[in-house]
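Alright, structures below, take your time with them.
The two complexes that follow have chain A in common; it is paired with chain B in the first and with chain C in the second.
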Partner chain A sequence: MTTRPVRFYQVGSFAVGNRLLEDGDRTVQSDLNRANSIDSGHRACQGCGEALGARYALDAAMRATNGQMVAVNATGCLEVFSTPYPETSWRIAWLHSLFGNAPAVATGVSAAMRVKGKPEVRVVAQAGDGGTVDIGFGCLSGMFERNDDVLFICYDNEGYMNTGVQRSAATPPAARTATTDAVGPEPGNAFGQGKDLPRLAMAHDIAYVATATVADLHDLEAKVERAMQFRGARYLHILVPCPLGWGSASDDTIHIARLAKETGLFPVFEAEYGKVTSVSHIRRRTPVEEYLSIQRRYAHLFGKKPRTEVIARIQAIADRNIERYGLITDETVGATREVTA
Partner chain B sequence: MTETPFAITLDVGSSRANHTGSWRVERPVYVDRLPPCNNACPAGENIQGWLYEAESGNYEAAWRKLVEENPLPAIMGRICFHPCETACNRVQVDEAVGINAVERFLGDLAIENGWKLPSAGADTGKRILVVGAGPAGLSTTYHLRLLGHQVRLVDSAQKLGGMMRYGIPAYRLPRPVLDAEIARIIAMGVEVQLEHNVVNIDRERTDGGFDAVFLAVGAQLGHRVNIPAGDSTRVLDAVNFLHQVADGDAPMLGRRVVVYGGGDTALDAARTARRLGATEAVIVYRRNQEHMPANGEEFGQALGEGVTMRWLSTVNRFEGDRLILEKMRLNAEGFPEPTGEFEELDADALVLALGQNTDLSLLDQAGDVVVNNGVVEVQPSMMAGASGIFAGGDAVPADRTATVAIGHGKKAAHGIDAFVLGRTPPIVERHELATFERLNTWYYSDAERTVRPELERVRRQSNFDEVVGGLTEENALFEARRCLSCGNCFECDNCFGVCPDNAVIKLGGSKRYEFDYDFCKGCGICVKECPCGAIEMVPERI
Partner chain C sequence: MLRQIEGSRAVAETVALCRPEVVCAYPISPQTHIIEAVGVMVKSGELAPCEFINVESEFAAMSVAIGASAAGARAYTATSSQGLLFMMEAVYNAAGLGLPIVMTLANRAIGAPINIWNDHSDAMAVRDAGWIQLFAETNQEAADLHVQAFRLAEELSVPVMVCMDGFILTHAVEGVDMLDQSTVDAFLPPYEPRQVLDPDSPVSIGAMVGPEAFEEVRYLAHLRQLDALDRIPVIAAAFEEATGRRSGGLLSTYRTDDAETIVVALGSVLGTIKDAVDIRREAGERIGVVGITSFRPFPFQAVRDVLCGARQVVVIEKAFSIGFGGVLATDLSLALHGTDCTLRSVVAGLGGRSITRLALEDLFATAARGQLEALTFLDLDHGVVERERERMMATRRSGPSAENILRDLKAPRRVGAKEKS
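After this line comes the complex of A and B, so read on.
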């Protein structure tokens, strides 16, 4: 007869908690006494992925640093919806200066702590994709290059959302935004442009670079914890779906983040000193249509006359990621299935 | 107001002053839905409930939850045809949860550890007569004792158990297991009267001063057809045959045994014949495998023991030691029609397993009981007529399985309770069904089912040792943990974790969660990401 060790409890490590796991193996989020770094009452939209991602990451960082932590915030959705004067949602030491200078401010806070003889106080800087890949990139690259002791977290929702959904250099090809209309022969955002920031960060040879999504909490928390084990510049890129800008249902936020990973469009991996050290494999391989078709920013690809050639180009991006990072293993369901596009 | 800097007029405060709950048009609410296993269980077990306890390794708590509905888990863990597993939502993920195997594991563990059933309820002074000590009679006795009624249990046989003892062979249900579970019920304080034939139910009731009667006399008469045979001793019926074997008085059948019929009893008879030394055991059935009513699992075991099948055939007559079979064909409706072609089959004995009938002569004097097609008509409370005579098991119209009988027993006990205390029977409200579509299966680990070991085939052809083994503790735990907990919160913390607004309050200590409607914006992520479908969105009252 078959015997095997009992190594899981119903939901294994996929769900947030598990009433039978040892405390140490549970997620920070399953803890009654989690920091709740960003509190209720914030004005993020229904189903905001960024509010969720920020709490996931900062609560994990709070645990990793025993609460000895300062967060520096760039301008963006996260800053706007959490601190409309005179209210604040932050239950941690939190600082906001300008849109583009968060990495530099974080460098300053880190230096100040060193000067004050408080090296145990760690610094986390955070921004949306606009504040990271566009406006703050000069400061960020400098922070990387100087190897300042900061964990920089980018919450990537692929556009400037609170100003009315404009394109950023993180907006994916073919996506409709207010500045990349779905008209003309190549509707939506252009192919072949934009920045792949995790790879740019890796090119600085900093200690730690990782990507994560709000769909895999265990993975996200492990990466924050790992990042806090290093001193020097570190970078964490978290995909946070935006119901407003992506035109998705508010209850689909986590589902969409999961599909981004399962299609291969958003590779989830970690790298140390410029080299990829681990990847999250695809569990159930999914064609990109499933991801695209539930977002209105891609509605122009479907409709009466589906733009199959455009979908095929997006599938090719996913396939290239799968090959580049080795995202498929023998255990991937549907690994051998021909993906038609 | 404290001193504020230049141009600043307001104190800084927490965003908790901003009640974002007012944005909401729909609100999430926690629900309990009816798991398909519970829905399918004829004995009305709360399967998801006892698996939940077993998942944590609280086996005694699991067993206690189990016996709230069914006092015979070690028996049912062996002989139940587990419709729960057919209904299990996990079938659509990989394979059904091995509920039956876990039930047996718990039942065996209870016997091993001597766990006792709950004590009888406070005495009501009411006396109930239970006729027939099979699964229905034992189940109703148990539930009546829990409710505090006195019970006299009568049976015509020498020992308790009914068809579980005299119909089901020992290789499927070892007698020590049967004895242990029956003894546990009797230990609750039951007056037992064996080898007593009830001839007139009304007189029996009046003489004993009983407030109500439960009839669970079973279907003990083998259905006979006339098979011309020179030597009539060569033809016997399966019910008697199995009964004799159970009494340790097996008839001599010879080497070549033919069993006529396609139900579970036919399989039991053929497998028993093999064990008694028959070199050939052939089942003759008038239809094909697709239309065979017998349980598939047991059919596979029978084939594995060398039982062979003769499909689409009927027995015409015995000629010496040759059986003449007529070939059949199925018509468009799937009914067999004779073809006029004949075949011969060597046979020393023919066992008829063509269905069973109920002996209801004890009801002849009971006026207001309706007997139709050989079974007793009953109301939902299992009352036959308005006279306080209740019936269940094989004697009423229903599937004739032990599990159904156990369910009847429980239902009848509650019906009897209401009757003797002059109350209306309670209406049990059922939750909405937890369908597969409501699950989010992403969250469940991939894990195939643990299969119970089977005795080496060669060994089991010649003895009555139990064929199907039990699970080890490790495997039972693994199997229990494959449960998806359909429609019932199992505290995975997903809702608590995935809320972008911290609007889920974790109560901790198996008290589940609550929503903080001051801040819940109604995004619905918790509903979508609940693995087991225990949350739903309902429109907000405006």
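After this line comes the complex of A and C, so read on.
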């Protein structure tokens, strides 16, 4: 049998068209029989990273479960833009209860499926970063430590965007939000605060924790499929740029998500039972300025007198991530995505 | 079978007979014995298939129940006081979603000052949440009401809260005629939800509803509660037929036929009230008692029918709306609107203060003389209150009064403690 290496033509993105891949490696989205879990007609903003992430994640989960799946949704953008009365964008069994209780509601659904003799029905819970790292954290930690059979997905857009862009514990340092305005001697969000949810999830020793971005949707799908191979609590943290909250162009969503990964500000990795098992290496090391300067939430760093010392502190965060996860290796440039078996 | 049994145990064993499928548990006094006992039965396998989930908060307890119920499982939990308030958002949500969850509320005061003893502040705090609230007078009734509660909840798709007085009932050991499995099975059919989370016929549950339909949704919830006013007596009658025992219903009456004065109350204090009424009856007073079993929905017509012949109605309740007055009394004043009946509101037993038969006899004597004020606080220590008022007048400062009052009382039982001024 002869093999032929796949050649990646789209040099700028490193993405590869499905046409060039074997059937088994093609994306769920390229499949005509995909679930279309969240269908067209919803009211998300143009360029919404969350709508994109949810579509890929849930369709992948639907394929992995043969359609035997229930989704639980926390209050937030995703819930609001998908179910404006009397319409719904959801073509799957979907339940919304409250802002802070999605993990516990998912536990209840999962328990009900077991007692009803339907253990094949799997549960995916989803929330934004507010519903995950802040108001939902108590319920999430409880769900993790009990090891309930739930995949929890956080769509992280680094703030409370639905209520008008306020700071959450996932808002990065220096970012301007409505509650961390770009005023005063230290404009934007404070340094030295915030929660690193993937690491907190790993500290619960749950079966699977992974991060992903909407820049690498193939990787995102693969991680959802991997997550569904485990029973028990699992956590997927997806970076989803928000044009509204980040002050970015709506056609820059993918670009910004990629830069978040390529700068090291958002490490993309997988962990099993508390140990990192794979990382997505940086292919082209990028200074954080490239990421920051195209988002208005950081505009105060790039005025007439650039705040180089603040930018340097953000670069230091990226550098620490690169070191912590080994995001750069000798073979980094040109590396291919590792598909987990 | 008649057994000498703790109230909590009686409730736990009765809930078990109802074949719950998901039970979520978080400890809080005085409810804890109930979920402990259910937990043992689930863990031993006795209740299979049933999932017992040790959650991390009451908010999670109700949330797990919401998920389980929406997915078609019969869900149960129990709580008290602060726990109920901590799950408040989910309590409203369960009702809004029309999920027939049954919850025991072991009534307890709400802090601050922290207090673990019985009153009805917790139940009153959620009276507008859309749950049916049934109050048990005895442990027998508490046990029986749970069986009726599941049937009522599932017939109407409305959650039901069975309120029983913390410690006074939950921790009291007394004779309870326990039901058997076949009786409960015959009375309570398996839960068949109208709408359920099912991947094979997907629906969206919990969607956003705007001004164009929200009022209709709320009004329909109100109508369903009014439907409950019809269903509660029917279910109580069916229960009586199945067990030979009267339990539940909208309200209970005691010696009201010719009564000029009728005392109205909720829960276990009705027993003491009946004793005091018996003594007053012996002295020739025409006095009777009405116990409200269904507080929500409030049985306006039934209450009006039974009270309208009386000259005076004395409401004794273990809760009040601060800055206003009695809660049950307010409901009753509406029910009595347009009658000649005088309403007297008495707040009693807050934070577990004993309501004694002697205090009630005095109260009824005062009422009989026509000297009871519109709003009375039973057994209030006016000396303590006045001293604290004087202090507040003398030095203007913020902060809690509880600590000052404790100093006044000088904690008489703490022998040997150094006195501080």
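Worth a mention:
Definition applied: the second predicted complex is superposed on the first by the 313 of 341 C-alpha atoms of A that agree within 3 Å, B and C clash if a C-alpha of one lies under 4 Å from a C-alpha of the other, contacts with A are read in each partner's own complex, and residues count from 1 in each chain.
Convention: a residue touches a chain if its C-beta (ideal position, glycine included) is under 8 Å from a C-beta of that chain, and two chains touch if they have at least 3 such contacts.
Every value quoted in this text rests on a predicted model; they were computed, and no experiment measured them.
When the two complexes are overlaid on their common chain A, residue A:K223 makes contact with neither chain B nor chain C.
Applying the stated contact rule after C-alpha superposition, one finds that A:P86 touches each of chain B and chain C. By the touch criterion stated above, A:H237 is placed in contact with neither chain B nor chain C. Look at A:V105: by the touch rule set out above, it reaches chain C but stays clear of chain B. Residue contacts after overlaying the shared chain place A:R297 against neither chain B nor chain C. Applying the stated contact rule after C-alpha superposition, one finds that A:K261 touches neither chain B nor chain C.
By the document's definition of touching, of the two partners only chain C reaches A:R146; chain B does not. In the superposed model, A:R176 makes contact with neither chain B nor chain C. Shared contact residues on chain A (touching chain B in one structure, chain C in the other): 85-86, 88.
Of all the residues in chain C, the ones that touch chain A in their complex are 21-22, 24, 49-51, 53-57, 59-60, 63-73, 75, 89-90, 93, 97, 197-199, 202-210, 212-213. Contacts from chain B toward chain A in the complex involve residues 10-20, 23, 55-56, 442-445, 447, 450-453, 469, 472, 474-475, 477-478, 481-485, 490-494, 496-503, 506, 508, 510, 516, 518-519, 521-525, 527-529, 531. Within the complex formed with chain B, the chain A residues making contact are 1-6, 8-12, 14-20, 26-27, 29-30, 32, 36, 39-44, 46-49, 51-52, 55, 82, 85-89, 217, 243, 249-255, 258.
Put simply, chain A touches chain C in their complex at residues 67-70, 72-73, 79-80, 83-86, 88, 90-98, 100-101, 104-117, 121, 138-139, 141-142, 145-146, 148.
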